[in-house]
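I'd like to ask some things about the structure below.
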Amino acid sequence: MFTLESLLETFQTGSGFWNPIIWVVAILVAFLIAVILRGFGNKEYKKNTGQTQAFLSGNPEYEKEQMHIKSSNIYWGFTESLKWVFDSLKKMHTGNVSDYALWFVIVMAILFVVLIVGENLVGAI
Amino acid sequence: MSRRDITAVLSFSIVAIFFIFGALMIHPFGAPDETGMDDNIITNAQTETGANNAVTSVVFDYRGLDTLGETTILFTAVAAIIMIFRRLNK
Amino acid sequence: MIFNIPFIAVAALILIGLYAVIFKRNLIKMVIGITLIESGVNLFLITLGYREGSIAPIYTSSPGGIMALPVPQALTLTSIVIGVAVLALMLSLVIHIYRHYGTLDVRKIGGPEE
Amino acid sequence: MILEGIHIILPILIVVAAAFAVLMKDLIAAAIAVAAMSLLLSLEFYILQAPDVAIAEAGVGACLTTAILVIAIKATKRMEEDA
Amino acid sequence: MNVADLIALLLQHSPALIVAVPLLGAFITPLISRLNDKVRNVFVILTLGLTASLVFLLASDVFTGNIHTYIFGSQDLALPVVRILFEVDAMSAFMAIISVILSLVAVIYSWSFMKENTGLDKYYTLILLMTAGMLGMELTGDLFNFFVFLEITSISSAALVAFWTNKAKSVEAGFKYIVISTIGALFILFSIALFYGQYNALNMAMIASAIQYTFLDKIALVLLIAALAMKAGVVPMHMWLPDAYGKAPSSVTLILVGATQASLYGVFRVCFTIYGGAINLTPISVGWILVILGIITMLLGVAMAIIQTDFKRLIAFGAVAEIGYILLGIGTGLVVMLNPEMTATGLAAMKGGIFHIMNDALDVGLLFLVAGAIYYATKETSLNKLGGLARNMKYTTVFFIIGLLAISGMPPMNGFASKLLIYESTYQLNPILSIIAILSSIMLLAVFVKVFHAAFLGPALPKFENVKEVPKSMLIAMGTIATIIIIFGLFPELIINNIVEPAANALVNYGDYIREVIPSFAGGV
Amino acid sequence: MSGMSKIVKTISGIAFPFITIYGLYIIAHGHLTPGGGFQGGAIVASGCAMILVSYGSIWTMNRVREKNLSILESLGAVCFILLALLGLGFGTVFFNNFLVGTNSLFGVVPAVGSGLANINTGGVIPLMNFAVGLKVIVGLFGIVLVMAYASRTKEGKK
């Protein structure tokens, strides 16, 4: 059942394969290349000099709080352009227990219609 | 009426129709179709459990685990209520 | 013979309870609705176990004859105790909700999140 | 014949009591209606040859459920607010 | 008596003991907690550890293909089945492993996480009861017993959701949860009564062997699917889930994930085992209903997750989306189950779906634990106020990255293996399905990258200067799950061959499950 | 809730022992007549709830204490599950009725179809009835007591 070979076996998905070990090796190689590239520039980097300061076209640095990008600002364009979708989705979540129970009844009604009425219709055709 | 009310009434009445229809489709009142399991219990309850009350023998012997679950539920409810009404600061 | 009236009563009880849960705005009314659904299910179980002209499934001082089915009665006993446990928990939470919000109206508590 | 009559009347009474429990604006009255429904239900259980369940329903449904409901109503609000 | 005999005896009685040990522990906990807090914590961990070892013992036997039956109160199986019996096949054992691991980790995590609170003896009692309820739901072979354990789980979890009673939102979430789960449970009981009225049986195998798919059976099917899907948080009946997940203590949320998955297990058990023989009688396949529900669940969960600003609520919507993947995989399996040309596809889809149950539990659980750790350190859950935490909480950040990669299905984490199986098999059913699945996976990655940026990256905020790394017990809990995730990710073949495939076969070959109780049953694939 | 008038207190004081004894009778004869641990327990708990209503929750809480109730409840539950585990120890499987047919304590088996009310029958069923009875009395009364005590003052919006 459990052997050392079984650890290294390739995982067949039916129409392809997936072997995480090979992937990890590839990632490690890529990482190594990245480290080497970093090493080229690292020599010129000096701590506690002007190099480490933020440079905003000569303007003074903002407060830390202002510099931090808030989570609601990320993907702002995406959410703004699809506002109608998100607004209707937000409207669905009323936070009202009766509505939650109502959704249950609606789903029940739909399933009744699909599974019983619809089935008889399909059978008739 | 708001849109919510209309949807609610509509789906509620569909469910109601199926429930009432189901109540008419079930076997006639007082004449269950199959009684094999229960007849087995009624016949054997006295010899197997020694109790004259067949319901008690079902509750505590044939379906004892359900009873354990039931006492557990009562225990859970008491623990939950004591926990909900506990004092919050030490 | 009697047009399955007990079964229709079961359906009516469940629907009345569901109505209370969906359309009533008072939290305690919703809890009462759940109790009604539960009573309906209990009645359904017992009605399933009834046989025409039967006696209770207890041998002590029974004249003999066909007996009602014992299993649904045992199930109903379990279900009743479950019902009271759930009811007590729900009402304790309702008391706490009232302490926090000062109202029992389901539309005024909570509301959409952020 | 009489038994059949009871089998017809009791379920109808139970449904009526349940409807009262939902429709009453006064919550204490609704709780009493629930208790009445439980009592009728326990009578129905007795008629349906389930004395065990009848005792349990009478003790739990008609007494303790009402007690819990009344405690909760006293701790909150008696009247249902209008829509 | 030597050791081998003892183990054989334990194995024989393990289905009963798995439920009895946590129950007994729960009953004793109030007595023990009068002694000392530490003794109580150790006792609870030991109880769950014992339960876990029993589950592993049982699972090691069941995964070889056996089906364990345990009859309560009698040794021989007499027909008709009047007694309650536990019937453990590979699927049940698979779910039991998930539940017990989650509970054990949650208890270790709460050692430090819940230290400041009062009422901890009841808290631990309820956690043990919840574990016992979940395990009972997963092992039982009796429908009414399933309902009883479902109620135990929902009552204890509702109380635990409302644990912080000083917060209005917590109490409200607990109330919503108990109302929703009670309604669901009552409709489940109603459909059990419908079965009982027709076939005079409560045993799943007996019902499955006798089922004829009458009008009442259809009503029961609708009620069971709707109620169990609501308890599993399937859109559009998922709305209680973000409330409950978001407002409960993180350790409780971890077990709640297990509880929802136990309900999901109920859906599959109903569709595959009880209605397994009746599936070919239906012109409209139940499988398509599951697939469509899965697609809606996936899309809506991801879409809602994008606009959330609360950490735990966001993860909760992510969890909703993950449930969609499970439904999609297993629904695909149900659709093609009877089509002989696509059996391989169906099995691959089932494997993906079932493996994803485990992955979902681990990934979502790890993320919730990280959210709890951040709350513990900063007392803050709003993403708009967090920032720059990677400086002070190094280990937590690493665990978050692992969880992020795993939940969005990035290779080489475990989520990728199961999602790959789902994509490939659904592509053969209908390419649109797999396109939607991949799309929502990408969006999930986007959502969690946003969380990572908002909470962990960015400049060092002055208000979080004094934030420290969380205590050891929480790190151990998170580390355990992270280790399991990495192992599952690196060796998916091992897990799929030894654990997932038996479970998938157990669901597909429902005839074996029935024949274990009723040997004369002839149907089944 | 504060107490009620003296008349109510006296009447309930007189009625309480009778209710309790009736409930205990129902518990003890559970295997012979209608009733059992739950039903009898519910009856005794209702009697206790009556005392609670007439004397007030503070008076009752001073005498009973929820901690003691909690311990008693744990004891009842532990007894029940231990009886079930004894089936595993003595007999063969969990929940085995190991006393039936031993002719010792509650071990007599009645003749098939006989209506004789022999209390010495039922195996472990009477013992389980007592354990469940204790559990249900304490549990249901505990629920009512804790709820009444916690909600004795009407607290509005904080």
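Observations on the model:
Chains here go by letter, A, B, C, D, E and F, matching the order in which they are written, and residues are numbered from 1 within each.
What we mean here is this: contacts are C-beta pairs under 8 Å (C-beta built on N, C-alpha and C of every residue); 3 or more make two chains touch, one makes a residue touch a chain.
As the structure is a prediction and not an experimental result, all values here were calculated from the model.
Shared contacts of chain B and chain D, meaning chains that touch the two of them, come down to C, F. Greatest centre-to-centre distance from chain C is found for A, with centres as Cα means.
The most distant chain from chain B, with centres taken as the mean of CA atoms, is A. Closest to the protein's overall CA centre, chain by chain, comes E. We define each chain's centre as the mean of its Cα atoms; on that basis chain A and chain F are separated by 55 Å.
Measuring from the averaged C-alpha position of chain C to that of chain D gives a distance of 10 Å. In this assembly, the C-alpha centroid of chain D lies 38 Å from the C-alpha centroid of chain E.
Each chain gets one centre point, the mean of its Cα atoms, and the points for chain D and chain F are 24 Å apart.
Under the contact definition stated at the top, the residues of chain A that touch 2 or more other chains are 90, 93, 95, 97, 99, 101-102, 105-106, 108, 112, 116. Counting only residues that touch two or more partner chains, chain F has 32-34, 36, 38-39, 70, 74, 77, 81, 84, 94-95, 97, 110, 113-117, 136, 140, 143, 147, 150-151. Within chain B, the positions touching two or more other chains are listed as 8, 12, 15, 18-19, 22, 26, 29, 32, 35, 37-38, 41, 46, 52-53, 55-57, 59, 61-70, 72-77, 79-82, 84-85. Of all possible chain pairs, the ones that touch are A-B, A-C, A-E, B-C, B-D, B-E, B-F, C-D, C-E, C-F, D-F, E-F. Partner chain A is touched in their complex by these residues of chain E: 175-176, 179-180, 183-184, 215, 218-219, 221-223, 225-227, 229-230, 236-237, 239-240, 242-243, 282-284, 286, 289, 300, 303-304, 306-307, 309, 344-345, 348, 383-384, 386-388, 411-412, 416-417, 420-421, 424-425, 446, 450-451, 453-455, 458-462, 489-494, 496-498. Taken together, the chain F residues at the contact with chain B in this complex read 30-34, 36, 38, 66, 69-70, 73-74, 76-77, 80-81, 84, 94-95, 97, 100-101, 106-117, 121-125, 128-129, 132, 135-136, 139-140, 142-143, 146-147, 149-150.
Residues 18-19, 21-22, 25-27, 32-38, 40-41, 61-66, 68-70, 72-73, 75-77, 79-80, 82-84, 86-90 of chain B touch chain E in their complex.
The touching residues of chain B, counted against chain A in their complex, run 4, 7-8, 10-12, 14-15, 18. The touching residues of chain C, when paired with chain E in their complex, are 14, 21, 27, 30, 34, 37-38, 41, 44-45, 48, 71-72, 75, 78-79, 82, 85-86, 89-90, 93-94, 96-97, 100-101, 109-110, 113-114.
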